[in-house]
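Below you'll find a set of structures to go through.
Consider the two complexes below, in which chain A is the common component and chain B and chain C are the respective partners.
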Partner chain A sequence: MPYNTWFYLLPFLGTSLLIYYLMPPRHRWTVLLCASILFYLIASGKLILVLAFTTLVIWGGALRIEAHRKTYLEIKDTLPKNERKEHKARMERQNGRVVFAACVIILGILFFTKYYNFVGSNLNLLMESLHIGARIPALRLVMPLGISFYTLSAVSYVTDVSRERCPAERNFFRLFLFLIFFPVITEGPISRYQQLGTELKTEHRFNYQEFCFGAQLIVWGLIQKVIFADWLNRYVREVFKYYKNYSGIIVILGMLIYTFQIYMDFDGCVNIARGSAQMFGIRLTENFRQPFFSTSAAEFWRRWHISLGAWLKDYVFYPISLSRFFQKLSKACRKHMNRYYASAVPTSAALLGVWLGNGIWHGAEWKYIFYGIYYYIILFASRMLEPVFDKICAKLKIDRKRKAWHHFQVARTFVIVNIGMLIFRAENLGAAGYMLKSMFVPWDAGEYGSLLRWSKIECNYAAAVWAGMVVAVILVFFVGLAHEKGIRIRESIAAMPVCLRWAIYMGAVLAVVIFGAYGPGFGEIDFIYAGF
Partner chain B sequence: MKPEGKRRYFLFFLILAAGIVLLSAGAELLARTNPERLRTRNLNYSLLKKEKENSIDVLVAGDSESYSSVSPMDLWEKFGITAYDIGQSGQQIQGTYYMLKTAFQTQSPKLVLLEGNTIFRNPGELKYFENLLLEELGYYVPVFRYHNMWETFVTGERDWRVTYKGFKIRTKIDPYMDGDYMVETEKSKDISPFVEKYLKKIIRLCEAHGAELMLYSAPSPKNHTFKRHNKLMEISEETGIPYLDLNMRIDELKILWDEDSLDGGDHLNLSGAVKVTDWLGDYLTDQYDLPDHRGDDQYADWDALLVEYRKAVEEETAEDASDEDETDEADLEA
Partner chain C sequence: MQKRSEDGDFEKNRAEIMSNKKAAGRILSFLGILGILLFGLSRASVLMNRSVHPLFNYATSGIFAEEKESIDVLTIGDSDVYSGLIPAKLWELSGITSFSWGEPAQRPPETYSYLKKIYQEQNPQVVFIDVNHLFRDEKLSDNLDSITRAAIEKPFPVVLYHRKLDSFQNFLAQDYTITKGYLYRDDAKKPKMKKNHFKETGKITAIHPITRWYLERSVELCRKNGSSVVLLYIPTYKEWTYSNHNAVMELGSELGLPVLDLNLEMQEEIDWGTDTADYGYHLNYSGAQKVTDRIAKYLEDNYDLEDHRGDPAYQRWQKDSEAFRGEVEKEILEKERREKERQMQGA
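Our next item is the complex of A and B:
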């Protein structure tokens, strides 16, 4: 049930909220559990059992980890000091094995459902070229809703319990709710138990402000999704699907518009999710923080899909960096390199895992793997070449504190991100290469007519729609700018005189009703990230 | 932020509701005065409401199979029957229900022909509920239905297709070549409980408005099967509603699959529709008490439209129709 349907917004969310607030606070979580199960059953039916199994694995694993720790703590004080260390190390080894086993099982399910056919088809190609007769059969696999998101949350839970960042949850159903909670199941944010689990455990009483702010965030998310993102879909679909027909400005516009579309689509979805949760009194973590104000690709990834970047840092980057092999590598680097490279080289090597993980997580296609590698190369190069850039800047006497330099960095990052988005959206890796080249071939309108005419014929676009798009970009820019300056927009609106405030609220709702891309001719357009 | 207070809260939603009602009235008016701005799918609602009150005796309802099989202008010319195709491409049963409700607001038809293909549509319960909600919203609050009009006003685009009492002239030929498709069996095709519920609602709605209901299946090798035939026969026996399966009368209808198929056996083209209409006209005048309005001054506009229709048919037939893709986007769903 996509969040951008009237069915979700009116009967589903409405009824859930009503029953939730009619229940005594200590039982309210059960309403969320039932609503989430219903939501999941509608979307994925029997596949809910896969999610239940994942919950069972991490629930049992975490209890086992805590049992090991409890046993150690019970005997700890009776042990002589030298034995304590040994017992602790044994307990940690045992817990490490539990985490490993749990991760193998739950990641195994994800890999099997998501990557089996991709790996199989590539192995088949390899065997064919080696003249080996064997073939891996393709399977028709259906992915359970949100598996890419809840699996990562499940891994974080079991790991955090072993790292003593959160206690093990004894109630299976509370843990089940943490994974299946309907606002986050489709597109995240990828949650941590210590945050969302705690929020779900807290007894929330009706809070007028939270309720209203939640509703407002939903409306803003809808504007982003059903007005801004969905109207752009026609142009993007046309340019990326028939990329061979287009070149020059058309492709460049296609790339820029797609970047805006995916931002609005994903941020819109997360805002609807965060708004829905907030109406229940539950806060979700931020997933975007004005990513296009970033001055570097690294910063972009700290502002874009924040929960994925943070997850990769905590559960891929740190384990790799702290592994024995990397400790040795680090030592060796310190011996043979200067201080800067001794730190940069091992870090960059560990980052390869992060970026491959990032690419693969998005989907079982080479273009996604390349997408990860693309960012890795950029980050690796910028790290390695930093001393060189420093020297160049010093020689050219560039004052890095000046605003112009800051703007240059933002623009440079914007270009890097857009190229990444083109790779991400292209039909395949070959198409991405073709489009990147065709950008430099001037657009010869030929049979398609001028840009505007072409747009009209092929995409129902016209000058007014282009103008609307510019207005949307400007609006999103100023909203981002306000956030950058620490202005809380919803609070600012709430402080306005009643007429103005109501005009904004009503205008926003009516804008969704009138300009929303729903009904005949649309079908609701799926959220892009729900497909990952 | 303090609670607005019950009164203010009430006032807020009252103003919002008033805004939506006003917008709905505006949308309804715009749809009526500028039907060419509407998407084809919504066009029927608006044009239907523009028909002279109580002037239509037969409504043809269902998905694209319905409006591809009956040509009201031919029915008028040859039998004097006033009919209207209220079907929509890919229409689901709840859509049929609300379309009929819309029709009954201004018309008192004597007969409703319900094409059976819509009964077998099964997009899943969730989609049914989602679409039901959209239909309900669209029926009671028209801005939800017509809201996309802003696009055609802004862009000057047209999604407009001239229809003749809901019928579209489509002359393209794409033959059906796979032979006999009505292979006898005793099995019958299941239908969703949701469809069953809405079928009952349609029956009650027709009863309440004094209209007789008749089920029929348009010739469609791609969609129709003997299992479907059996199911519709069962429904007919259970409810007492007559059922006419035209797929069992292909020879009588003189349908030739290399001439009368629009898209490889899915829908009928103009020539197929005319053949079905001719046969159906005889059948309906024989079975039902339908008045012949020809010569009645009240129906002079039908004669005027007939002239336009004939001219358009001539033009369309003269063109090399096969060059055109005449299948509506949404027909592909059918």
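Our next item is the complex of A and C:
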């Protein structure tokens, strides 16, 4: 159930809030659980059983881990020192096996539902080229809602329990709520039990300011999604679907507009999710922090889809780089390389797993895998060539502390990100290559010259849409700039006189109603990341 | 000590209740003002949804400007309805008064809600319910959203007409229409034709239970008001499928309703090269004329509706029908003039 539907925003969220605040605080979590189950049943029906099974696996796994630890702690003091180490190592091995088994099961469900047909079709191609007669049959698989998001949360929970970062949850239903919590189930943020689990356990009392801030965040999310992102969908769809008809400026515009569209769409969804949770008094983590102010691709990924980047760092990068093989590699590098490369080479090698994981997570297509590799190559090259760049800058006497250099870095990152987005959105890898080449072919308007007027796609508001887009970009830029400077816009508005404050809030709601790209002629434009 | 602590808790709770009451008051005031603004905007949007051009004034609100209980036949559904049936021509052919009620992408819960409103003013003897809109909401969430939207539209139709809010000139338009809900379109854009489009199949498209429930309530409402109901499938090349046809036939037999699927019945008469305005989604004027001819014949064969032509009480219908024809002729001449101008510029 998309968050930008009437049903979600009014009867569903409204009734949930009402019942939630009418309940005594200690029972309020059960309202959230019931609402989340209802939300999931409406969206995915009986596939809720898959989610329940995942919960069961991590619930049982975490209790087992804690039982092993308890047994060790009980006998720890009675053991002589030399045996303590041995028992501890045994306990860690046992827990490692539990984490491994749980991860195999829950990641296995994700891989089966999401990647079976992709792997099958590629193996079939391989067997065909090797003249092997066998074929893997294609299956009609339906993915449970939010599986890519809740699976990662489930992995993080069971791993964190084994790492003693959080205690095992004894109540199955509380853990179920952590995974199924309706504001995060569709597009995240990918939650950690230490944060969201604790928030869900806390008895929240009604807080007028939190309630209002939540509602404001929802309205801002709706503006981002329904006004900024959805109006652009027609242009993006046209350019990326019929890419062979276009070249030059039209393709460049298509790429830039898509980047803006996906940012507004994803950030808008997360803001609606965060706002919904905040109305219940629950804080969710940020998923975006002004990504287009980044000065490098690495920084971009610390600001864009923050929860995914952090997850990959904690549960892919660290386990790889702390593995025995990488310890040996690191040792070897220290022997044969200078200090910089001895640190950079193993780190960069471990990052390959992170970027492949990032690419594959987005979808079962080669273009997504290439998307991950694209970022890996850029980050690898920038790390390896950093000493060279330092020398070049020193020779050219470039002052890297100057603002101009900072702006150059932001612009360079912007170009890198946009090329990545083109690969991400293109029909396939071939289409991405074609579009990248066609950008350099001058645009011959001819038959499709009307696209700039948006009329090819039967839009009667061409001038208004272009003007609106410019206004939107400027608005988003200044909102981002304010956040960069640490200005809290919601708090600034809250400090205004009531008439002005209410005028702003009402203006925002009316803007969504009047200018929103919804209703006849638009259809329902799903949140882009809900498809992953 | 204990007592003081209890008093403290009591005071704290009281303060919390008071502040919550204050907060609830503020929230309700905010929503109240917002509601008033939305209501005002809604009123404006309904007015701007009309058109100052008589040929393009096809707003559904026109039915409420008709004389009470003067409509014999109502056709209700989505955009296929306002594109596919010409009440002025039906009058010309058989002297039957009718109205084509269609909102873009209309859903069954809206149909039910609109019917309730229509029956307050009109009491048609025959109601054609367009079935194309039964296939729009396939998922439970879509259906729930449609139900919610239908409920919101009642007090706040701005959510339906929000894109018309820039048509300020339409404030001067009239509620009363000569098109009686029909939208004139003369473009002819041929769809991509498929080889086996009309090939018979045993497959039956599933109609969501909530969609069906709303249809049944609509049918019940019509029957309660003494109207005969017909399930009508107006030709639409893009959206019709044989499995949809099967679903409608099954539904008709289960509900005891006659079904008129003009996609199949008129496959020889409708020329998709000349009769559609937008690549097979909707009929244009040429296609709508053919459908209206067929409907006139169907009504004549199956219902005993009175021919009002010559009845002084229905003089206005005769005038409207002539005015509509006049407007169409003017539009055709205007189009020819524009065509000639373009050719001359080209030369």
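Here are some notes:
Basically, the second predicted complex is superposed on the first by the 520 of 532 C-alpha atoms of A that agree within 3 Å, B and C clash if a C-alpha of one lies under 4 Å from a C-alpha of the other, contacts with A are read in each partner's own complex, and residues count from 1 in each chain.
As a working rule, contacts are C-beta pairs under 8 Å (C-beta built on N, C-alpha and C of every residue); 3 or more make two chains touch, one makes a residue touch a chain.
All figures in this text were calculated on a predicted structure; none of them were measured in a lab.
After superposition onto chain A, partners chain B and chain C are found to clash with each other.
Within the superposed three-chain model, A:Glu491 lies in touch with chain B and out of touch with chain C [touch as defined at top]. By the touch criterion defined above, A:Ile514 lies against chain B and chain C together after alignment on the C-alpha atoms of chain A. In the superposition on chain A, A:Phe206 makes contact with chain C only, while chain B stays out of contact range.
A count of residues in chain A touched by chain B and by chain C gives the higher number to B.
By the document's definition of touching, both partners, chain B and chain C, reach A:Pro11.
By the touch criterion defined above, A:Pro144 reaches neither chain B nor chain C.
Touch criterion not met for A:Gly214: it reaches neither chain B nor chain C.
Within chain A, the residues touching chain B in one complex and chain C in the other are 1, 5-7, 10-11, 42-43, 208, 502, 505-506, 509-510, 513-516, 519-521.
Of all residues in chain C, those touching chain A in their complex are 16, 19-20, 22-23, 26-27, 30, 33-34, 37-38, 41, 79, 103-105, 140-142, 144-145, 147-149, 152, 158-160, 162-163, 165.
Taken together, the chain A residues at the contact with chain C in this complex read 1-2, 5-7, 10-11, 42-43, 45, 205-206, 208, 211, 502, 505-506, 509-510, 513-516, 519-521, 524. Residues of chain A touching chain B in their complex: 1, 5-7, 10-11, 42-43, 208-209, 212-213, 456, 460-462, 464-465, 468, 491, 494, 498, 502, 505-506, 509-510, 513-516, 518-522.
Against chain A, the residues of chain B that register as touching in their complex are 1-3, 8, 12, 15-16, 19-20, 23, 39, 41-42, 125-126, 129-130, 133-134, 137-138, 143-145, 147-148, 150-151, 154-157, 159, 330.
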